[in-house]
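Pasting the structures in now, so scroll down.
In what follows, chain A forms one complex with chain B and a second complex with chain C.
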Partner chain A sequence: MLRAAILALCVLALAGVPLLGDEVLIQYGIDALLFATLAQAWNILGGFTGYVSFGNSSFYGLGVYGTAIAMAQLHWPFGVGLAVGAALAVGCAVLFGIPILRLRGHYFAIATLGLSATLAAIIANIDIAGKNIGLILPLTRADAAFYEEALLLLIAATATVAWIAKSRFGAALLAIREDEDAALVMGINTTRYKIAALTLSAFFTAIAGGIHAYWITFVDPGGAFDLTLNVRMVIMAMFGGPGTVFGPLLGAFILSAVYDVLASSISTAAALLFGLVIVLAVIFMPRGLWDLAGGFRRSGARYLLQNIRAHRL
Partner chain B sequence: MLLAQILLNGLLLGGLYGLMALGMALVWGVLNIVNLAHGAFVMLGGYCVYFLFAGLGVDPFAALPAAMLAMFALGYLLQRYVLNLIIRSAQLNTLLITFGLDVVLTYLAQLAFTADFRTINPSYAGANLTVFGLTLPLLRLAAFVAALLLASLLWIVLQRTRLGRAIRATAQNLTAARLYGVDPARLYAVTFGLGAALAGAAGGLYGMVSQVTPYIGATLTAKSFVIAIMGGLENPFGIVLGGIVIGIIEALAAIYIGPTFTDAISFGLLVVILVARPTRSLRSA
Partner chain C sequence: MSDIPLLEARALTKRFRGLHAIERVSFVLRRGEMLGLIGPNGAGKTTLVNVISGTLPADSGKLFFEGAPIDHLPPYERAHLGIGRTFQVMKPFPRLTVLENVAVGALFGYHGGEHDLKVAREQARALLDFTGLMHRADQQADQLGGPDRKRLELAKALALKPKLLLLDEVMAGLNPAEIDDVVGVVKKIRDAGTSILVIEHVMRAIRSLSDRIIVLHHGEMLAEGEPNAILGDERVIEAYLGKRRA
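After this line comes the complex of A and B, so read on.
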């Protein structure tokens, strides 16, 4: 009950941010909310099954380009554009997932690494996608509306993850993460579950891409299929706590804020500190911030050293 | 004739790629760490040789051992005092921490060396041999030969020395190796140092045939990864061969399909190989 009340308050507070009327804050907000959605979407496959996908940036790019082509070339409305983008991404996830999800561990991660670059190269040679030059979407000045859309999307993604965490589906995904062979022996059709997780992940990622495309009003292959974006999703989810409902949000909000504050003052040093934060986070809180909170309650600062003791050679 | 020249260029560059991937494959095979900072080590090795050459006038090939030594020390310290702390946590965490190291090294390099393009350009850089109408750039040939020599050296160390036996034993079974008196903390650090030293050598050679900037690391890491998988993690010569295959494919793709597709093609090939050889990927899951 108390939890539900706190949650409702948080959502209300977030939804009320545009009322403050601070444009810069709203723009930071849209970015942070979209990043949180991306981290949450990545969490569905990466956090629950342990399959590290570097292909999510290509679902993002497909969402961007689906929306952009529908709106800029075919003059369809925004909602239809989002649907086109999501359909492309889901189709790609199923087609690509069937062969690739048979691979395990590092091999899966690497097989997904090339997807973005490949799709970017293809898009850069398609006429209707504007080739290398990119596309320009119709301009709308409605940052507050974009903010609320991003927030709604984040809520939908988080609700989905909350459902997963409690469901049989989620239990199967966790079983895959802990021991895939055992899961198979238990009668879980692991391939089908993994594809379902990848598809859900692709769906939310693509919608986030579509919203971002319409907000920015310009798309190009390099920006849409950007692997560093994928790396940021992974880091935010890992930093917050993979396989938890709120960890990825926490990670995304904190790292977005840190990065924005640092980047506006000192850019090279910002990236440097970002790297250091990752290194230290892996050493002292390998299960993310969400676990750190619980760990501190149990054993205080000793929690940090316990992690080293548990994982060192 | 054009085709033969393209194949030759690919072959020469591919030997260097193979050397680059050797260090990554060694660390991956023995420590089960996919080192995403590997490309950054290559970059640092490139800078070592560049500054020895441009600052002190040392011949770049003579500077290679010094660069390797420096990179060995860096790798040893990183593994001993950082990576060993987390080596038994989830596999994802080793990916993440080496990614963090990659970011740190890249931007430290940018602060220290600026983002300028550097090329190691000794007086004999422009010399060519002409054999059967094919142009054979001497520098690239020398880099190719050096890469092969280092791969052979690694093979000899792994097969014929006490250290090599300890490394191979640890790769097979850590507990058993421990029972026979191998100190894993030290051995892991030495192995990681060897990987970094090989990366450093590759970086020096890379600086002679291409340019060094702080940002070359990421693509070189990806390339090394592809090659390490193609060549298998056990045999140094398999990896050199993998490098040559990738070098030739890239050279062909750049001419006949278009330079924007080179990365897409090597990755496409990787996916085909991975999917077509599922037994291997299952074994090391």
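After this line comes the complex of A and C, so read on.
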């Protein structure tokens, strides 16, 4: 009950941000909300099944281009554009997932690495996608609308993850993460569940891409299929707590803020310090911030030392 | 109907780079039977369990479950038919609780498992009670000690509601008192109507458990028969201890 109340308050507070009328704050907000959605979407596969995907930036790119082509070239409405982008990403996830989700652990991660670059190269040669030059979307709306859409998307993604965490589906994903061979003999059709997780992940990622594309009104292959974006999804989800419902949001909000503050105050050194934060986080709280609270309740400051010992540092 | 064996293997063969792990192994396991599988290290016992459960594909030979061929089925479909197994190198889901570990079996086992999480959890609880793990229900599986991990491995396999249970050395590494414990649990499982293929090094246990025993040596069937006859068989003793110098 208390939890639900806190949650409702957080949502209301977030929804009310545009009322403050601070344009810069709204823009930071849109970015943070979209990043949180991306981290949450990555969490569905990466956090629950343990399959580290670097293919999510391609789903993002397909969402971006699906929306951009639909709106800029075909003059379709925004909603249809989002649907086109999501359909492209989901189709790609199924096609790509069937062969490569048979790979385990690092091999899967490596196989996903090439996808973004490949798709970017293909897009750069398609006329309707504007080739190398990119596309310009209609400039029509106020930022507040984008903010509320991004918030709605984040709520939808988080509600989905909350459902997964309590469902039979989620039990299958966790079993796969914990021991895939054991999961197989326990009656779990692991391939089907992994593909379903990747598809869900692709869906939310693509919608986030579509919203971002319409918001900044310009897309090009390099920006849409950016692998560093994928790296940030991984870092935010891992930092906050992979396989949890709220961990990735926490990670995304905190790291977005840290990054923005660092970038505005010391610009060039920002990336360096950002890296330092990640290293410290991985050493002291390998299961993320969300686990830190529970760990402290169980064993106090010793929790940090336990993690160091577990790493054999 | 009932004279169709529960499991029938015909000339099962599995090679690893030319090494014969199992070579033309044929046997039947009848309904309600407890069949012992023994043999020295490297005889191919675990490979046989892997081939039956579908973890490893056989190179040749046929495998029938309740009269129907199952060679082409992936492990999860064999679990849905009613084949459950334990792993010699135990495979708990380390970061799930003991209860969750067992509930996974109930959720996805025989006939695809239960779809209601509550029902699955109730079944898991009953199995924790049965295997003596109730007091550990909410602990993470990686916190368990040896004997409890063996019990968990058993409870997980049982949660599938198997018709055939493949037990791969569930007693290895236990002390005599713990072995008696597990033997008691396995007997209860058989009395509840589950057929069992049991691999074991602990001779005392296998003698008291098995209706029949088959012996593997270098991947081939060396002998098959009633426990006392097998354990007195000259060839079997030779396989384990080497030739007697006469």
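Keep this in mind: the second predicted complex is superposed on the first by the 311 of 313 C-alpha atoms of A that agree within 3 Å, B and C clash if a C-alpha of one lies under 4 Å from a C-alpha of the other, contacts with A are read in each partner's own complex, and residues count from 1 in each chain.
Operating definition for what follows: contacts are C-beta pairs under 8 Å (C-beta built on N, C-alpha and C of every residue); 3 or more make two chains touch, one makes a residue touch a chain.
Bear in mind that the values here come from a model prediction, so they are computed numbers and not experimental data.
J.: Have a look at where A:Val282 lands relative to chain B and chain C in the superposition and call it first, second, both or neither.
T.: A:Val282: touches chain B, not chain C.
J.: Examine A:Ile207 and indicate which partner it touches, taking first as chain B and second as chain C; both and neither are also allowed.
T.: Neither partner.
J.: Counting residues of chain A touched by each partner, does chain B or chain C come out ahead?
T.: B
J.: Which of the two partners, first being chain B and second being chain C, lies in contact with A:Met238: first, second, both, or neither?
T.: In the superposed model, A:Met238 contacts chain B only, not chain C.
J.: Taking the superposition as given, does A:Ala182 touch the first partner, chain B, the second, chain C, both, or neither?
T.: second
J.: In the overlaid three-chain picture, which partner chain does A:Ala196 touch, first (chain B) or second (chain C), both, or neither?
T.: neither
J.: After the superposition on A, what does A:Ala157 contact: first (chain B), second (chain C), both or neither?
T.: Once the two structures are laid over each other on A, A:Ala157 reaches no partner at all.
J.: If you stack the two complexes on chain A, which partner ends up touching A:Ala171: first (chain B), second (chain C), both, or neither?
T.: second
J.: Could you tell me which stretches of chain A are touched by chain B in one complex and by chain C in the other?
T.: On chain A, the chain B and chain C contacts do not overlap at all.
J.: Where on chain A is chain B touching in the complex?
T.: 46, 50, 52, 99-100, 102-107, 109-111, 113-115, 117-118, 121-122, 124-125, 180, 231, 234-235, 238, 242, 268-269, 271-272, 274-279, 281-283, 286, 307-308, 310-313
J.: Please output the residues of chain C touching chain A within their complex, sorted ascending.
T.: 53-55, 74-76, 78-80, 84-85, 87, 91-96, 100, 103-105, 107-110, 112-113, 115, 117, 120, 156, 160
J.: Write out the stretch or stretches of chain A touching chain C in their complex.
T.: 166-168, 171-172, 174-175, 178-179, 181-190
J.: Taking the touch rule as given, give the residues of chain B at its contact with chain A in the complex, in rising order.
T.: By the definition above, chain B touches chain A via 28, 34, 82, 84-93, 95-97, 99-104, 106-108, 110-111, 184-185, 188, 222, 225-226, 229, 260-261, 263-264, 266-268, 270-271, 274-275, 278, 281-282, 284-285.
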